[in-house]
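Presented below are the structures under discussion, each in the form of structure tokens.
Both complexes shown next keep chain A, but they swap its partner, so chain B is in the first and chain C is in the second.
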Partner chain A sequence: MIDVIVIGAGPAGLAGAITCASSGLKVMVIDEFIKPGGRLIGQLHQELSGEWWNGIKESERLHQEALKQSVDIRSGVSVYNLEKDDDLWNVHTSIGTLTAPFVLAATGAAEYPIPLPGWTLPGVMSIGAAQVMTNVHRVQVGKKGIIIGANILAFAILNELQLAGIHVNRIVLPEKSPLSGKAGEPEEVMKSLLNAAHLAPSPLLRMGSRFMKNDWFRKTGMRFFPKSGVKVNGTPLLLRKAALEVIGTEQVEGVRVADTDANGNIIPGTETVYEADFVCIAGGLYPLAELAAVSGCPFQYIPELGGHVPHHSETMETPLEGLFVAGNITGIESGKIAMAQGTIAGYSIAKHAGKGGTAIVEQLNQSVKNVHLLRKQAAIQFYPDIESGRRKMYDLWEQLYANPARLHTEEKLG
Partner chain B sequence: MKKMTRLLDHPILGKLDDRKAIPFTFDGKTYEALENETIAAALLANGIRTLRIHEESGTPRGFYCNIGHCMECRVTVNDQANVRACLTVVEQCMVIASGKQHPNIVKRMVEQQ
Partner chain C sequence: MNSNEAIVVCRCEEVTYGQLRTTAEEYQCTARELKLRTRAGMGFCGGRTCRIPLDRIIIDVLSNVSRSDIPLKYQPPVRPVSFGTVGEKND
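Right, the complex of A and B next:
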């Protein structure tokens, strides 16, 4: 008999599993990747203090701690459905149907694709794919690459590729279109990078923020952005070049680009081809929430959180009895926040299960406070308005679920 | 394509542990993977990026997301179709086949009209 099934062995899922198990619950964690850690295992960057954040070491620490608490971790197991049957959740997986009264959905995030002609050619990959191939599998993705899309994730992974000796030749923007949205508008991209530069004195962004902090540059904005780009850790960032097409027959041979005006509109007659043998598409992250959706959980679109998120409280409950969430499924933030949210979910589940005695309420409160503290200390944010996005979700929760009597009256009135 | 180098030494992550070489076949040819390596990583290290051709158009496809979301890397493993190369670890003497183009009889009929 299992008490809690955790879906996802990333920072949120493992932290949640550890907390549940240390409160006396029997926990099983399932994950479809070949080993535990989730996307934490790809992460590698230098902290403000100069220390390295080594995701592999962090996940190993969580993994060992989980094993010490007798958490049963199953890697290589996929979940394809989630439904409730009376008091128990049925988790339909590639190793059969598992049942438990509590489920923690910690499925993380996925990358927004930016489709462009030729993007199906072998050698075109999401920026996260390059990260995993480099830091986890340790196989070179190519000899000379181009990144399409300029955002925090792209810069973080550019740095990781360079550390591993992988040569990235240029960063260009996607062509402005309904699919690329703001990622194809140089001024919008500039604004978001300035935002990051302001927030982040970390070595990771310092490399790119030197020029962004220049007042003259801020004032003149995109109009005088040099055609040859501005170097980010040695790689030219070309905000006024847009990728029109990935070219090649059997695999990537290059990217056809054109100059753009400050608004991202193509300037006719400026097309040129940059040679490359791999291309990374960096469209940013969104909460991966299909399993919460098939379970019947209501959703809200909150762009400040990165997309559609399942309704949830600050203590990680969903409106569905026994279903909890943690990590990037609730909004895009760092692995540290995901871990801290996993701890909240763990205490929350323990409290619902009647475990942890009188201390549990205080532990739960403290874990919520800890997330606030970590968020304030965060050097970079993938989505700069994350605080207001979080507030929107919790306000919505108060309105819809915290005071059901009032809701009932409103429904009657309505 | 030229073979891609394995990143044996990394300034922060350190040296790769010595791992056993494991033989497997892809479309009838024998290659070597390292122990606990995914099919996608092992093939890339052997210089192979094309994992399938599109069932309808016949155009080449490789891995895209590398973490199981996009389904672009599906191959046939020991006669089991639609296995994700990015999530499946190579095992001793595994028989892997790339995805092939399927006949589209209806489309051909429409084209002939």
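Right, the complex of A and C next:
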């Protein structure tokens, strides 16, 4: 008999599993990937304090801790459905159907693709795929790369590629279109980078932010944005160049680009080709919530959190009895926050299961406070308005679920 | 713009941007109808790659729709599984 099934062995899932198990619950963790750690195992960056965040070490620490607490971890197992039957959740997996009274959905995030001509050529990948190949599989993705899309995720992984000795020649924007949205508008991109500039792993952007606080400076900033770009860790960031097409016959040979105006409109007659043997598309992240959706969990659409997010309280419970969430499924943030959210979910589950005695309430409160603290200190923030997005979610929870009548008026995706 | 028409948006079912736009414009339809008419999002990956681009096409074509209005349905199985697995015959 399993008490808790955790879906996802990333930072949120493992931290949740450890907390549940240390409270005396029997826990199984399932993950689709061949080894535990989730996206943690791709991460490597320097904190504002100067300390290094080594995701592989963190994931090993969590893995060992989970094993010590007798957590049963199954890697390489996919979950394809999640539904409830009276008091038990049925977790349908590639190794059969598992049941438990509690489920923690810690399924993380997925990447936004930005389709462009030639994106199906071998050598084109998402920026996250480049991270996994480099830091997890230790495969060199190429010798000379171009990143399409300028955001915090792209800069963080650019830094990791550079640390691995992989050369990225340029960062350009996608062509402005309905498919690229704001990612193709230089002013919008500049704005979002400047909002996150104090966090960005780039001293140059940090310096720029002082001069570009208001719209006028932003506009002139774009108008006079140097054609050769500004350098992010030595790699030119070209906000006024748009990628029109990835070219090549058998594989990537280069990217056809053109100059744009401050709004991202192509300036005719400015086309040129940048040679490359790999291309990374960096569209950003959104919460991967398919399983919460098929379970019938109500959702809220909160752009500040990255899109459609399963409705949840600050203690990580959903409106469905026994279903909890933690990590990027609740909104896009760093691995550190995901881990701390997993701990909240763990205490929350233990409390619902009647474990942990009187101390559990205080532990739960402390774990919630810890997330606030970590968010203030975060070195990487993918969505600048995360705090207000979180607030919106919890306010809605208060409105809809704090009273015991439980009004089910929300949109259902499942 | 012509080369953009040929962009393969749904890679599993090989549906192009041009086909999707033409269909969305002709039928002024929901994301779900767009999927059913073109098979975009119905392939091996279960729409994990092209779901967002499909939403964006609908938002662009139908001026009165925003992303919060698109409850694009998820259905099990959310991962490709064999009939044997669904039937719980794993040996």
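Operating definition for what follows: the second predicted complex is superposed on the first by the 382 of 414 C-alpha atoms of A that agree within 3 Å, B and C clash if a C-alpha of one lies under 4 Å from a C-alpha of the other, contacts with A are read in each partner's own complex, and residues count from 1 in each chain.
Everything below uses one rule, namely that a contact is a pair of C-beta atoms (placed from the backbone, for glycine too) under 8 Å apart; a residue touches a chain by one contact, two chains touch by 3 or more.
All of these numbers come straight from a predicted model, not from anything done at the bench.
K.L.:
Touching A:Y80 in the superposition: chain B (first), chain C (second), both, neither?
P.N.:
After superposition on chain A, A:Y80 lies in contact with chain C alone.
K.L.:
Considering only the touch criterion stated at the top, classify A:L374 as touching first (chain B), second (chain C), both, or neither.
P.N.:
neither
K.L.:
Quick one: is A:A110 in contact with chain B, with chain C, with both, or with neither? Answer first, second, both or neither.
P.N.:
It touches chain B and chain C both.
K.L.:
Taking the superposition on A as described, I'd like to know which of chain B and chain C A:S94 touches: first, second, both or neither.
P.N.:
In the superposed model, A:S94 contacts chain C only, not chain B.
K.L.:
Contacts for A:L121 in the overlay, against chain B (first) and chain C (second): which applies, first, second, both or neither?
P.N.:
first
K.L.:
Report for A:V294: first if it touches chain B alone, second if chain C alone, otherwise both or neither.
P.N.:
Touch partner of A:V294: chain C, not chain B.
K.L.:
Per the definitions at the top, what is the overlap between the chain A residues touching chain B and those touching chain C?
P.N.:
Common to the two interfaces on chain A: residues 32, 78, 110, 113, 120.
K.L.:
In the complex of these two chains, what residues of chain A are touching chain C?
P.N.:
Contacts found on chain A: 32, 78-83, 92, 94-97, 110, 112-113, 115-117, 119-120, 175, 177-179, 181, 244-245, 283, 286, 290-291, 293-294, 299, 301, 303, 307, 411-414.
K.L.:
Which of the residues in chain A come into contact with chain B in the complex?
P.N.:
For this pair, the touching residues of chain A are 32-34, 39, 44, 52, 54, 56, 76, 78, 110-111, 113, 120-126, 128-130, 132-135, 137-142, 163-165, 250-251, 288.
K.L.:
Would you tell me which residues of chain B are touching chain A in their complex?
P.N.:
Within the complex, chain B contacts chain A at residues 1, 4-8, 10-13, 16, 36-38, 40-41, 44-45, 49-51, 54, 59-70, 72, 86-87, 89.
K.L.:
So in the complex, which bits of chain C are touching chain A?
P.N.:
The touching residues are 3-4, 6-9, 11, 17, 46, 48-50, 52-53, 56-57, 59-60, 67-68, 71-79, 81, 85-86, 88, 90.
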